[in-house]
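Next come two complexes built around chain A: one with chain B, the other with chain C.
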Partner chain A sequence: MKERFEIVGIRPLPDPPVRKRKWHEGKPLLSAGVLALIVLGCLLLPLMGTRDPSYMDLTRCSVPPGKAFLFGTDAMGRDVFSMIWYGGRLSLFIGVAAALLSAAIAILFGAASGCAPAWLDGLLMRLTEILLSVPNLLVVVLLQAVLGKASPLSIALVIGVTSWTGMAKIVRTEVRQIRASEYVLASRCMGGGFFHILWRHLTPNFVSSIMFMAVMNVRSAIVAESTLSFMGIGLPVEVVTWGSMLSLSEKALLSGAWWIILIPGGFLVAALLCITSLGSCLRRNINRRENNLY
Partner chain B sequence: MAEEILLDVQHLTHVFPLNRRMSVRAVDDVSFQIRRGEIFGLVGESGSGKSTAARCVMNLYRPRSGRILYKGIDTCDAAAFRANRRMLQTTRQLIFQDTSSSLNQRMRVWDIITEPLRIQRVVPPRGSLRAEAAFQMHYVGLDESFLDKYPPELSGGQRQRVAIARALAMEPELLVADEPIASLDVSIQAQIVNLFKHLQQEHGFSFLFIAHDLAMVEFLCDRVGVMYRGRLVETAPTAELFSNPLHPYTRALLSAIPIPDPRRERSRQLVTFHGEDLPPGGALREAGPDHFVLRSSGSGED
Partner chain C sequence: MTARKQIIYWGKKALLFVLSVLVLSLAAFYVSRLAPGDPLVSYYGTRVEKMSPAERAWAEERLGLNEPISVQYVRWLARTLQGDFGISYKYKMDVTEVIAGRIGNTLLLGGAGFLLIFALSMLLGVLCAWYEDRPLDRLLCRVGTVSSCIPEFWLSLVFILVFSVTLRWLPSSGAYSVGRGDDWLDRLAHLVLPLSIVVLSHLWYYAYMVRNRILEEVRADYVLLAKAKGLTKRSVMFRHCLRNTIPSYLSIMAISVPHVLGGTYIVETVFSYPGLGTLSYESARYKDYNLLMLLCLMSGALVILCSMAAQIINERIDPRVRPQAPEVTER
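Right, the complex of A and B next:
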């Protein structure tokens, strides 16, 4: 029986002479490099022989940048150079953790809503709209009050819990489009459960559209943490992050100690710019999907 | 042929609501049986409800009324379905009509073919899942070089064969094939039809075979059911139906087959059939051995 088939395969053809794109073309090398430097610096900080960032040397406060203190010291006599790396560690951790948490909530919530019958879907979406319309700050302050003393983990939790709604809406829209498609029906027919279908069929389809948002969430989580700390409702001053360093800036402004503001601010802005540029590059690549023959 | 009835569809009705006022009776009081090891063909014009009937059989739609017994289990009954879920999901497989949407474009071919094995956690009989996929691909006449391709990179016919390979991977007992060969060229059609014949004869597969092509149906099927506007108007063994069609719609359908002889083809009479000719109601009456025709309750012999 089998022999009667002519087995068809792919015949190798000589490659047409196309100019090969250089590997780095269209890739945000500069951003990736700077971000990598910052991340590596934060991760490898013990190897760099930094001082204890929380050690206060009140005899040498507000020392300008120089030989002894590369980036100077702040109003409490802490070494800004070590604070940058330790603080970056926490800031990046908060950003990534909050983004992951919000992505996880968004995927589960969006997929559940997309697969649910119409009335439940409507209910869940109204719920997200209510959440969207309440000012985030209010929710954050409320959650902070419930959770008690702020720690990096609790800040990440609070930011993550308040930033998933937009993404959930996108996931839900995509899922509603895909769930009626025949390959999902086929998978259900073969006995695939909710999580199988979510993981194998739905996620690969919407992951590209939420990737950009996820990266941008890292950015906004870092910003949110800085804002909260700046306003004094985030992490306490003893916990060093880029945000909490900036929270000292009013005093520094008055005393003319520019390095206390500009150096952490510069690192923050550089990291955010790099993340943004990576994110938009990601979006460009995804939009340029391989076209399909139909 | 064994007389055991594998699939028994009784008075199946499925209605699609369109809006508050209107609805479509896509399948209306359809009854047929498929015996073990038999190929049952379902023919009818476009929109006559063949795909809908097939999907009801596969539990993709919940029918408005009627019963579907598979191996004596009422698959429309939630409790009975749950109790026999694994058996029902592994021994019945569906080949969809439209492969551009029934294969996930973001999965590789070998992933697609082995998906049912993964879901049911079947230990692949040929070692690895990849080897299993390669085996099934050979079975439907595809080379291993396609294993790592994505569906959009394949032609329509190649995709259809991937879909068939996926259905065969579970070695089902009942294969519901919704126009599996409509998008293939004639030589491949013949190969696939021969493959189905082989599966039936050597492995005892049963088929619900939905098709437009009456010549293929005549060659492949043991029994044929003719559908018209959601109703089953006639069912009979293939030879009987083609030689002695009783229902006017069946006659119209058969008269539309071209004859490969110009002189006779020119003198061929096209029988026309209008929807108004089909009175609502009525039931299937036995007209001969194993030959049932839809007759309205009033009228006698045709």
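Right, the complex of A and C next:
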């Protein structure tokens, strides 16, 4: 079948060459790989014959890295190589657990505040602001006291409970914007309860805007745990995490034992970096307009 | 009319401030008393272990620790309102004196750190926005991401390891060497490491904010108009875009004060720098109640003041954030 009209006089321009993006461009493959390696190492290596990380061999304290001890031993004669993998399990677990907990609290609190009448909303937001201004150190010490002896689970709980305020504010703003939409009203008219509306209608709308913060919360929870353990307010030295491994570093500084400081810290920073770049990849795909300045 | 409105506006703010501080003090008071630990240890030292129960009871009564917490709180509040903050259990002198001896060091570290962050983040942000997506910008973004990922305490450890243990260039702890308190060069040498940690660990966060804010601004339509008028790139950037970002920058920096302060506390502990950070850590650990309360109140008041300042800056500059709709001007 022939076309009835033919365009004459205008030469069709060839399409400008669009460089096809390869599948891996703009994706943090390297960080995903490194993080996967660390996670796999933490999960699998302890199963395959590493030394007992809590065994203290006081005759061999602060041995530099070598054949017998791949990463050396710390000031209490524990093998750093096995401690890294056992400690990583706990550090990563605490990070993920605390982030999940804080996300759950933030979503519930933010949605409740967003759906509430104005006076209650104002009250709840003031409350979060006051919570933000109480020094975290004190809250952590108290909550620890209530929960008894510090354990990984209690630390995760404490960090999760103290780090939800920022996200709750975002959830609240988003909920206030969409709570009067027709589909929410419709759902309410049909008898949808708070949790039904929250889960089916509100959450899908704001999940993308808090995804980034949730991933960043994993990072800040790991940092918080290691800082607390390092300062001696968090987990005790016997519970091996990347943070508590570093709490012995003052002795290490005096004796110049660099491996006790640099190796756990290196793993810590590597994990944090990977998590950050994964998180910011979640945020980056906003379509950018042209820069008007050029 | 407007004068009355002004008074009401500031009165509301002041009331909110006082209320927040009160709630904060109540929370901090209960938290610190309920947390485990023996305040007698900080007062009597190791002698506590040898005390008989009768002696303990007498000591607790002397310090007013035997009453219910609510009574203690009311007492504390009454004394505090008269300007008497009590004595520190550990130092056996007025809490205000203990703090007065330390606050200069923290103000020096935190203040210098804050000013440096303030200036450098603006500079870096503008630099990155100017060279958007070119090698310099990419390099700075990379370096910044890495530096903001490293926990403060570990960076401090590495700096101590490199600069004081290995190279022996800079001292690793304290604010001055023994007996050389007046030597400002010596003080400066002690300040370099903590200060650089405070600046490095916060700088990038704010620089990145400035960069993103400017990049948003550069995409606005008025930039096209300004360019069509024939303004140079530089004057569009500095006269228009930068000026528009200043309000949000100021309010971000006002909120940043507590963050910088918190960072200062951690850095002080690692470097055993005699400031308020080490003091609050000690007082929380050894249950030096009066000292802890005043420190909490001071930091809390600063935080609340700063977040209020940020809010006021925003309201003044951006009419959309104002609580009520703007009045129609009277004629």
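Details
Just so it is clear, the second predicted complex is superposed on the first by the 263 of 294 C-alpha atoms of A that agree within 3 Å, B and C clash if a C-alpha of one lies under 4 Å from a C-alpha of the other, contacts with A are read in each partner's own complex, and residues count from 1 in each chain.
One rule holds for everything that comes next: contacts are C-beta pairs under 8 Å (C-beta built on N, C-alpha and C of every residue); 3 or more make two chains touch, one makes a residue touch a chain.
The structure displayed is predicted, hence computed values, not measured ones.
Of the two partner chains, neither chain B nor chain C is touched by A:Trp199.
The contact surfaces that chain B and chain C form on chain A in the two complexes overlap at residues 290, 292-294.
The residues of chain A lying in touch with chain C in their complex are 126, 129-130, 132-139, 141-142, 144-146, 219, 223, 226-227, 230-231, 233, 246, 249, 253, 256, 258, 261-262, 265, 268-269, 272-273, 276-277, 280, 288-294. On the chain C side of its complex with chain A, the touching residues are 20, 23-24, 27-28, 31-32, 34-36, 132, 145-146, 148-154, 157-158, 160-161, 165-166, 172, 215, 218-221, 223-224, 227, 233, 236-237, 241, 258, 262, 265-266, 269, 280-281, 284-285, 296, 299-300, 303-304, 307. Partner chain B is touched in their complex by these residues of chain A: 1-2, 4-10, 181-183, 185-192, 196, 200-201, 204-205, 290, 292-294. The touching residues of chain B, counted against chain A in their complex, run 58-60, 85-86, 89-90, 93-94, 96, 98, 100-107, 115-116, 119-120, 138-146, 152-153, 158, 166, 170, 191, 194-195, 198, 202.
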